[in-house]
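What follows is a group of structures, each given as structure tokens.
In the two complexes below, chain A is the common chain; its partner is chain B in one and chain C in the other.
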Partner chain A sequence: MTPWLVVGLPALAAVLGVAVRRDDRLAGAVAVGAAAVTLLLAGIAWGLAGRPTTVSPGPRLRAGELLVPLDLLSDPTRAALATVVVLVALAVQVYSTWYLATDDRYGQFAATVSLFTSAMLLVVHSGDLLLTVVGWEVMGWCSYLLVGHWSRRPSARRAALKAFLVTRVADIGFVLGVVGLAAGAGTTSLAAVLAAWDRPDACVDAALADGSTVGAALTACEAPDARVRALLLVLLVIGVLGKSAQVPFQDWLADAMEGPTPASALIHAATMVAAGTVVLASVYPVFADSPTARWFLGLAVSVTMLLGALLAFAQSDLKRMLAWSTVSQVAVMLAGVAAAPAEAGPDAGLFHLWAHALFKSLLFLAVGWAALAAGGTLAVALRGAAGAAPVLRVAFAAGFLSLAGVPLVVGGQSKEHVLATVWDGAVAVDGPGLLVLVALVLTSAVTAAYSTRGYLVLTVHTRQRPSAGRVPVAVTVVLWLLVGLSVLGGLVVVTGAFRLAPISLLWLLLTTLVVGVGVAVALRGGLDRDPADVLARRLVPVADRGLGADALYRRLVARPVLRLARVVAFVDTEVVDAYVRGSAVATRATGWAGERLHRGERPSAGVGLVLGAVVVLGGLGVVLWS
Partner chain B sequence: MVVSLLLALPAAAGLWLVSGGRALGVRPARLLTAVTAALTLGLAVAVVVLGAEVDRPWLPELGVRWSFGVDGVSTPLLLLTAGIGLLVALHAWVEVPAGGSPATFLGCLLVVEAGALATFAARDAVLFLVAFEVVLVPMWVLVGRYGDPHDPRARTEAAQRFVLYTAVGSTTMLLGILLLVASAGTADLRALAGGAGLGTGVQLGVAVLLVVGLAVKVPVVPLHTWLPPAHTTAPTAGSVLLAAVLLKMGTYGLVRLPVASVPEGFGVLAPGFAVAGAVGVVWGGLVCLVERDLKRLVAYSSVAHMGFVVLALAAGSQTGLQAALYGNVAHGVVSALLFVLVGGLKHRWGDVDLAVPRPALRETSPRLGFVLVLGLAASLGLPGLAGFWGEVLAVYAAWAPADDRPRVVLVVCAVVAAVGAALAAAYSLRVAGIVWVGDRPDPDVARTPDTSGMERWILAALALAVVVLGVAPMLVMSVTADAVAGVVGAR
Partner chain C sequence: MSALVSVDWLVLAPALAPAAGVVLVLAGDALAGGRAGRWALPLAAVTLVVGAGLALRGTVAGADAPLRTLCLPAPDGACLWTAGPRTSTLQAAVLLAAAAGLALLHDGRPRPRDGAVTATLLLAATTGGVAVAAARDLGTWLVALELATVPAVALVALRGSRPAVHGALSLLVTSLASFALLVLGAALWLTATGDAAFSRPSAAAAWAVPEQRAVLLLAVTVLVAGLGFKLSLVPFHAWTPQAYATTDLGTALFLATASKLSAVAALLVVAGALVDLGGATTPVVLVLGLPAVASLLLGTVVALRQDDPVRLLAWSTIAQAGWVLVPLTALSDAGARAAAAYVLAYAAASAVAFAVLSRTGARTLEATRGLLRREPLAGGALLIALLVLAGLPPGVIGLVTKILALSAPVTAGVWPVALAGVLAVVLGIAVYLRWVAVLLGAGTTPTALEEPGTGRRRSSVVVLVLGGVVLVVTSALPHVLLASAS
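Entry: the complex of A and B
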């Protein structure tokens, strides 16, 4: 079963969806139907997938010396990730038929979601770096359209622009990294790139055993230049930091909450922000060899995960709280890549991606429903909004349990695996393991605290019965399904889709302890008060502004670039073009002078001629004589 | 025979329209133009499929032969020209600018097309030059007489600047071609390919003259200042021809003459040329960030896109040449789309000043808005649309240039060009933010009429081409591959 089918079907649905966008029912049927069939196909593909990784040949593009095979790869890990992506996409599509039922641009929205899904599936299955770039950039574009879906609102327009520009600036690094890695291999094929940049360990060890120096051994084995490799990987990581909203690019994601809630669920849960983990996992064999790149990533994610968690705790808007929690949780995924020991592989991070996709989509869809019932996403407005439907109470309980990382539910399981892997990495010393470990433990506690806060505000606090009107059964079913998966999704480990080492019960105890501390701190003000008011009242206004990063972006990037642009535009018309205008003036002046000369009286013209001849002859004489 | 017919048909019809048929009314004139353009497209396809060629003595005293034919390098451009020629002819149903007889206008379009076709099919350097020059006069008429009716003085100035500037470039190129032909003893481009045994000194001299001359046409920063006024002033059909066909003659000439004929000389100039290309990418992008006139903005974005092409050419590898040829075709389609669209907006609004608030296209005219966003997305290099492959491969080519190029200079250029790609996103979304999206329109304010009729079909055809080229870049690359290997391998 070829992954091209899984990738192609949503793309086809997007094209078809644009064609029928004026008819909401038809557009909805196309979108939901395609997502359902794709889910079925992805499930079958997962069942059939085996190791080693199989290659599905692409159309092969030959661009001079560079070979671009455009292959897709499939193995159980990729198939599992693809399945969860399509699952979330299906949930989002079903949910938006209700959520956006009265929206006059529902058709475009559904088609864009289909395209977004296809792009993410492309990144998951990509066996070619250029194909990864294709999926990567298409996702960025779709995020622009989805975040700016309600384009009649200035804030949505601004958020869409910001989301695209921030990620695109980071993509300068991504594209250069891909180009550089491909240049080392002469092809963009992932396997060939990995082979070309891999450190030939066996050969080097043999040469060292024979008594040659390290330098001589590396030269003899034609090892790739480690500094160049580190530079390229750092460039690649910069792109990942941008798309995954990690420091210093973190600020676009919270603003992206201006998009409709289903779009946020899709962007946050299974696509876009998580794509960076997939990409780094696919180049992991080379990435693992480069301590520089590991440190760079490890430093960024350590700062991000703690910062994101703290900002999440102090948000006055619960949807933005979920956004900052995504920033923090994606950092946890990336931590599983940055600090894992080379032999462990990136699968702990990928498992966390799987878990996060399930519980974060659940939380977003549930918050969207609650916000419709309560009439806003502010924590004050949302108090007790879970009373709108029984499923919401369960959904928030399951979602926040998972987010907090309570053992046995899927989010807890994956976090334990990340912790255990990072511990192994910290013990192995070479890399940022220790730093990441400390950040991870602190983050886990803060995460438990803000999860408690979210649950308290939404569920425990009571109010008069809120109602979101009639909600279709399908939406309720989708939420129940996600509730089930957010609890039991961890069973995926028995399929062997993620290669995880068994972990000891000690980790279970440790996470319980850390989560307990977080919950206890959050509950200090009692059950009736918002923990953010109790613990972080002063921080709330600052956190709502994202620590003022927006102003920083404007001051450091936007304004200088615009200033430079004005200078360039001025130079263009007043300096570069001045020569052109000058030549016209000079020609006219020469013409006028010539005319005057010819009109002038004979004696003066004759004198001029004689003078000219003297100058020419004199000059010639000097040249010839010397 | 087919080749001669391909060139003679639009030339004859065009010349008749500007002379004998000058008094013809709009309806018969545009019908004649459209039929001619459609037949020309058919003939172009036939020439490509049959591999037709013609080769006979023309001016034996000068050793110049009447030699036309196509190969992989010229095929995509020949088809692009014929296709754009047809769309431009059909555009007469949308708008025939005032300023003179409609027949003359349409005749000039056909003559430009004939000249461009001859340029791409010429296999003789002198013939190439003649065809290259043929285009100038009708284009001058198009800009100077049929251009923007609001400002006659700016129109005259833009037309004169266009003619004089590009004529200076052509003269420089003429000197280069004469030097080349005189030293090599032949004007046959096939025989000239690979250096024709010229010494390095002569090669360098020829290369300087050719590169400077052709750079005006491309245009390469800092020789680009004729382009924005010409584009802003020209009627829609003229802008489309200018961007989609005339600029391509410059890059095509660069591939045929300096790159293929004097590779060693070009190699010496390549680093500087690459720098000019990379600077062009950033320069054009930055100006677009603050430019107020949408048509000028699209013109400056052309400068940026051609910067990628120039950079790819300078890299000297097969990948670079492929990227340049692909980028050429892609820019032809994308800029044609944007100019048809922006020309249509100017027709509706009277001007395209971005500082004037107008109802958002997404609200009032969704079809127009959709195409605009597609064009902008292609312009910012979104994968799946035409712009992407040429630009990403250009960056690759600069990162991994041919062995005889200075690696460091080109890698720096690659980085600069990648930064320029982010600028493209910024200015494209700036335009989208001003023109495409906006508040719910005031019901009292006049709505922008949506596209319909012929304009809709033209936009649909161009949009389809943008998508097809983006999804299946092999269509162009497989055609150019062998010829590119020939050009680079001959060194």
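Entry: the complex of A and C
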């Protein structure tokens, strides 16, 4: 089963969807049908996936000194990730046929979601850095379109622009990193890049055993320059931090809640923010060699996961709470990459990606439904909104259980694996393991606390029975499916798609303990009050503004840039242009003088003079020269 | 015919065709009496186009196996007529440019009464222009060059108006001075090299001996000065704007294109002999570079202030003559090729511009305002011609030839000339875009078009369409022109 089919089908659906966008039914049928067929294909591909295979589209392209093979890779891990991406995309497509039924631009939305899915699948399957960049950039563009879908609202336009600008700025680092890695290897092929930048361990060890010094051994084995490698990887990580909304780029994701809820589900659960984890996992062998890059990423994600969790707890808007929880959870995934010991690999992080995709899409879709029923996404408005349908109660229970990391459900399993991996990393004392471990334990507690808060507000608190009107059966079925997977999805470990070490029972106990602490803290105010009101009343307004990151961006980035621009504009108009204008005046003056000189009617006398001058000067010059 | 010299008539055909045209026109005039004015010009044009077709035969010959004739039997079999691909292309261009001049003369109002005389003069000048391109010995070169010049003076004088006589007088004085210089230069060349032909080995041998080197340098200086009059290089340019402005458009086109092409062909014969001089070539570069830089800058700067399109084109001719000289300062074969390619592109663009002026009857830049909307065909042709002259896409051929012209001195390390060229590019863009802006502007009342008799100028339309097609095709496929100039 060729991965090109899995990547190409949603792209084709996007093109078709744009063509038929005027007809909502047709556009919906194309989008849902394509997603369903893609899911089938991805599932079959996963079932058949054995050894890692490389699929080349044809002859290798040569662009200058670069070799561009445009390969796609397929192995069980990638197939599993692709399957969950398509699964979430299908759920989102089905859900949006109902959620956006009255929207006049539904056709564009469905086509954009298809394109978005295709781009994410391209990143997942990419065996070529060029394809990774293509998928990465297409996702950035699609997220701009989706966040700004309700473009008649100024706040939606602003959020879209902010998402675009912030991720674009970070993408500068990503592109530079990719270009540097590819240039060093002379090709964009992922395997060749990894081979070129990896440390030739066996060779170095052999040389050291023979008694040569470290420097001599590295030189003899033609090891890549570690400083350059660290720099390139840090640049790559900057791009990842931007797309994944990690500190210091964290603020765009919460504002992106201006987009329609299905779009949020897609961006948060399966695509975009998770793409960074996929990319870093694919370059993991090189990444693991560079302590600098690991420390950089580890520091950023440690700050982010705790900050995101705290801010999530104190949000007055539950949709934004989920957004901040995504920031925190993506940091957990990245922690599994940053702090894993080299021999363990990034699979714990990827497993958390898989789990997060399932429970976060479930939570977003359920909150969207509840918000329609309750008429708003504020915690106050949403009190008891889960009463709108039985499936919502179960959905919130399963989703928040998973998010909190309660053992045995999928979110708990994946979090335990991340914890265990980070612990191994901390013990190995190579990299930021200890720091990440501390942050991770604290974050787990806070996560359990805000999960409890969400569940309390949505489900336990009661009110008059809200209603979202008639909801199609398909949407209910999708939610039940996601509920099932959020509970039982952890069974994926038995397929061997992720290379995970077995977990000791100790971790189960520890996680239970940590989660228990979080839940207990959240329940201090009793079952009837919003824990945020009890514990963090003062923090709420600050948290709603994202700690004032907007003002910070403005002060640290926007204002200096504008000031610099003003200086440049002044220099341009007053200094540089003066020379330009002066040269124009001088030219015209010279032209005028030249014209004056040639105004005479009879140049015959002048010809004679010139003639004589040529002969005399020529003769004189030659005589003097010789 | 003497057995001493072998003659291949077919090779000589490009020069023989206009000469035969002269005989035909004169005979027809004698037989038909005064009614010859009607058909003399078309007949002459036909012979020119036939000649151009015959000249194109030489462009397919390999560069290492040129068409040769008039060869002497012994001792070394020197040939007086050597036409490689580049020479043949230049010959064809001279013939076609002359035909374009005839077409504009045919459209002129009032139509020339003495058509036979006009046709004869133009054909004679063309014969000289074609012959000089293939001449490799001093004698043929001098005679052909003079044959290319003197009839042109008479053509300017034929207008009969008082300013035209002034123009012709100025041109005549200039021509005489230039002929004097050329003869002097030829004599010095013969003295320095002891060879009656422009050949590389003898020039290099003379350059190696200090005494001979001085004489050779003086010969080159005087020859460049003499050719400078014909090419309108600064400081030998003063006749150009006056002659163009006082004569009619057909003659001006002939002077601006066919005359320039033959003068460049003559210069390439001299420059071709100077390629392998050996060390210490700075004085030669100076002799070629000084007029080049002066022409580039003065021509462009003064063109910037002209409101009469003919005078603007005249000053632009002066600047473009400088451009032709720029690659020659490299003293290399690549430079010679770049100069030939440049002058070909310039001649085509210039012919189109004159044809558009003839079609619209515009005598000021303002009269062409909004021409692109009023008359898309003429306006479009003028637009592409101006862009080629400025060297801006989509006039790609202008850009390519300018880059080639600059790359030769850059390769040879003649930086001052290259810098002057860069400056001239910037100024030149201002010159031609000034006119382009007028062309694109919103149309005013078309005063020029309402003049009686401007509606039917079919020959000019043919010239501007064919010239425009040449510019568009060579812009799309520049290598066609570059290959034929190699």
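FYI, the second predicted complex is superposed on the first by the 575 of 626 C-alpha atoms of A that agree within 3 Å, B and C clash if a C-alpha of one lies under 4 Å from a C-alpha of the other, contacts with A are read in each partner's own complex, and residues count from 1 in each chain.
By our rule, contacts are C-beta pairs under 8 Å (C-beta built on N, C-alpha and C of every residue); 3 or more make two chains touch, one makes a residue touch a chain.
What you see is a predicted model; the values in this text were computed from it and never measured.
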{"item": "Chain B versus chain C as contact partner of A:210, first or second or both or neither", "value": "neither"}
{"item": "Chain B versus chain C as contact partner of A:591, first or second or both or neither", "value": "second"}
{"item": "Partner chain in contact with A:171 - chain B first, chain C second, else both or neither", "value": "first"}
{"item": "First, second, both or neither for A:180, with chain B first and chain C second", "value": "first"}
{"item": "Which superposed partner A:225 touches (first chain B, second chain C, both, neither)", "value": "neither"}
{"item": "Which of chain B and chain C A:430 touches, first, second, both or neither", "value": "neither"}
{"item": "Touching partner for A:144 - first (chain B), second (chain C), both, neither", "value": "first"}
{"item": "Chain C contact footprint on chain A (complex, rising order)", "value": "587-588, 590-592, 594-595, 598, 601-604, 606-608, 610-611, 614-615, 618-619, 621-623, 625-626"}
{"item": "Residues of chain C defined as touching chain A within the complex", "value": "166, 169-170, 173-174, 177, 180-181, 184, 210-211, 213-215, 217-218, 221-222, 225, 235-236, 238-239, 241-242, 283, 298, 301-306, 427, 430"}
{"item": "Chain A partner contacts - residues on chain B that touch it in the complex", "value": "161, 164-165, 221-222, 224-226, 283, 286-287, 289-291, 317-323, 360, 362-363, 377, 381-384, 388-389, 392-393, 395-397, 399-400, 414-415, 418-419, 421-423, 425-426, 429, 433, 436-440, 472-474, 477-478, 481, 484-485, 488"}
{"item": "Residues of chain A that touch chain B when the two form their complex", "value": "59-66, 130, 133-135, 137-138, 141, 144, 148, 151-152, 154, 157, 161, 164-165, 168-169, 171-172, 175-176, 179-180, 182-183, 561-562, 564-566, 568-569, 572-573, 576-577, 580, 584"}
